[in-house]
Amino acid sequence: MVIVGVIGSSLASGKPYDDAMEVGRLAAERGATVLTGGLGGVMEAACKGAKEAGGQTIGILPGSDRHDENPYVDIPIVTGLNHARNIIVVRTSDVLIAVGGEYGTLSEIAFAMKLRKPIVSLGSWDVGEGMRKASNPAEAVDTAFDLIK
Amino acid sequence: MVIVGVIGSSLASGKPYDDAMEVGRLAAERGATVLTGGLGGVMEAACKGAKEAGGQTIGILPGSDRHDENPYVDIPIVTGLNHARNIIVVRTSDVLIAVGGEYGTLSEIAFAMKLRKPIVSLGSWDVGEGMRKASNPAEAVDTAFDLIK
Amino acid sequence: MVIVGVIGSSLASGKPYDDAMEVGRLAAERGATVLTGGLGGVMEAACKGAKEAGGQTIGILPGSDRHDENPYVDIPIVTGLNHARNIIVVRTSDVLIAVGGEYGTLSEIAFAMKLRKPIVSLGSWDVGEGMRKASNPAEAVDTAFDLIK
Amino acid sequence: MVIVGVIGSSLASGKPYDDAMEVGRLAAERGATVLTGGLGGVMEAACKGAKEAGGQTIGILPGSDRHDENPYVDIPIVTGLNHARNIIVVRTSDVLIAVGGEYGTLSEIAFAMKLRKPIVSLGSWDVGEGMRKASNPAEAVDTAFDLIK
């Protein structure tokens, strides 16, 4: 099983939301399981896209119970660790795609770079050469799969 | 989705191993996803039983990469948190079944009791009235499903 | 520096509270730093006793900010990890003394046994031969220092 | 008590090492406790500087026992959480000073920004307006104390 982590802001709407939904859909169409932090915004969009393509989704939740996951999470992992759960998102993914994103996303990008985990930016933070950039969802998913071949 | 956590020693063999395999099989036959700490012994047995019944399995791994999960884990969650991952096993499960077990298992039982998470003992630690006891795998699984009805 | 962890219920009052205060005082008189989970009850009492003896205290807090520590904590460590912080209490202590205690305490005792960390029970859970028992605070502290000599 | 967290690469030498030592010294002279991730490089330098000024130091260790802390850590907190301990460094500090730094440092900066924790950059990552910049250790420490006044 390939796990594609999709990271980004819980408050995203508009273009990053649409992009994340397309990323989730394309990743699921290729047979990947889509993993997110389980909340709203980009996380919700990626899960929604994956479900529309018949895929499976995992949410690594920061809270202490199941109330806060988005409705497109199949497998909610309840950590109770607050932001410390970000490292689990990174470790569990085979490859990550960052769609936009605020500081929480930046912490995950930093952990990915630290752990040499493949990661693709779609309009996200620019933190140096180790992070591949994509200009649209299809290119992001293509690049992600190339990186783990 | 109902998630049944099965906890017990990574070194178990013989009767607790066989019991855990039967618990995993029976839980999966009822449609539950079986969650464990992802390692050997009782954790492996429960996953193996679940897979034989066509079920899905989750492993909440203590280590920093995927090398240590047992071969019957479908969804490995890589925490890198060592024993601190035990609380995630408890929080993510709807109900827990403890099969035998050493001190790691006791920590999970204690967390379950603390969080008022339903838990059934099959030859495990006795920590007071809040923990239901079962004398065989079928009774353990029946009791577990009763507790979350 | 010797770090003595004192664990027990956040709701303790009466005898366990008094016992924990005496344990904290005696440990500090011997030059130990007293470490607790930073909250009320036994944790507060141990810190209070240690401060009365001129000692230093550490609190490993479960919450996300400093609002919940008791007033006798010198060094508040803010984990934001909820109950997962219990393992840090155990790992950081050279030896532990359990005074009474509910299920949270039991999780810490279990971790201590798992990690072969020396631990003394003063009216706490009985989990087997590896845990030394004491019948009063002075004996508990004497035993704790003997165990790490 | 004011806790000043000093973050940066465990491999730093030369100028960032010297800068971190000066930051630690100046913070301790103002009465602050210096907190780091407990390892080498910038973390070691900050602790060393603080100790030379008679200050107290805390190390939030990623490993499972005490073997990896630098010799200038007074209070080693043993988390066993690997990189997840970075969030504890951020939460426990009243203010942070980032001296140079690699991706681990970036994860801490990101968490600080996320939690709106005051943070000063001394030749570190540039992540936006919320992070104050300093051009030398004295300015960094002055700015840090200004931010928490």
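Per-chain numbering from 1; labels A, B, C and D assigned in written order.
As a working rule, contacts are C-beta pairs under 8 Å (C-beta built on N, C-alpha and C of every residue); 3 or more make two chains touch, one makes a residue touch a chain.
Here the structure is a predicted model, which is why all the values come from computation and not from measurement.
S.K.: Taking a step as a move to a touching chain, how many steps at least join chain B to chain D?
M.R.: 1
S.K.: Same or different: at the chain B/chain C interface, is the fraction of residue numbers used by both copies above or below half?
M.R.: Interface between chain B and chain C is built from largely the same residues.
S.K.: What is the distance, in whole Å, between the centres of chain A and chain C, each centre taken as the mean of its C-alpha atoms?
M.R.: Whole-Å distance between the two chain centres: 40.
S.K.: Nearest whole angstrom, what separates the Cα centre of chain A from the Cα centre of chain D?
M.R.: 30
S.K.: Which residues does chain B have that touch at least 2 chains other than itself?
M.R.: 64, 80-84, 87
S.K.: In the complex of these two chains, what residues of chain C are touching chain D?
M.R.: Counting only chain C, the residues touching chain D are 1, 33, 58, 60, 64-65, 74-81, 87-88, 91-92.
S.K.: In their complex, what parts of chain A are in touch with chain C?
M.R.: Counting only chain A, the residues touching chain C are 64, 80-84.
S.K.: Taking the complex as given, what residues does chain D use to touch chain A?
M.R.: 81-84, 87, 102-104, 106-107, 109-111, 113-115, 125, 127
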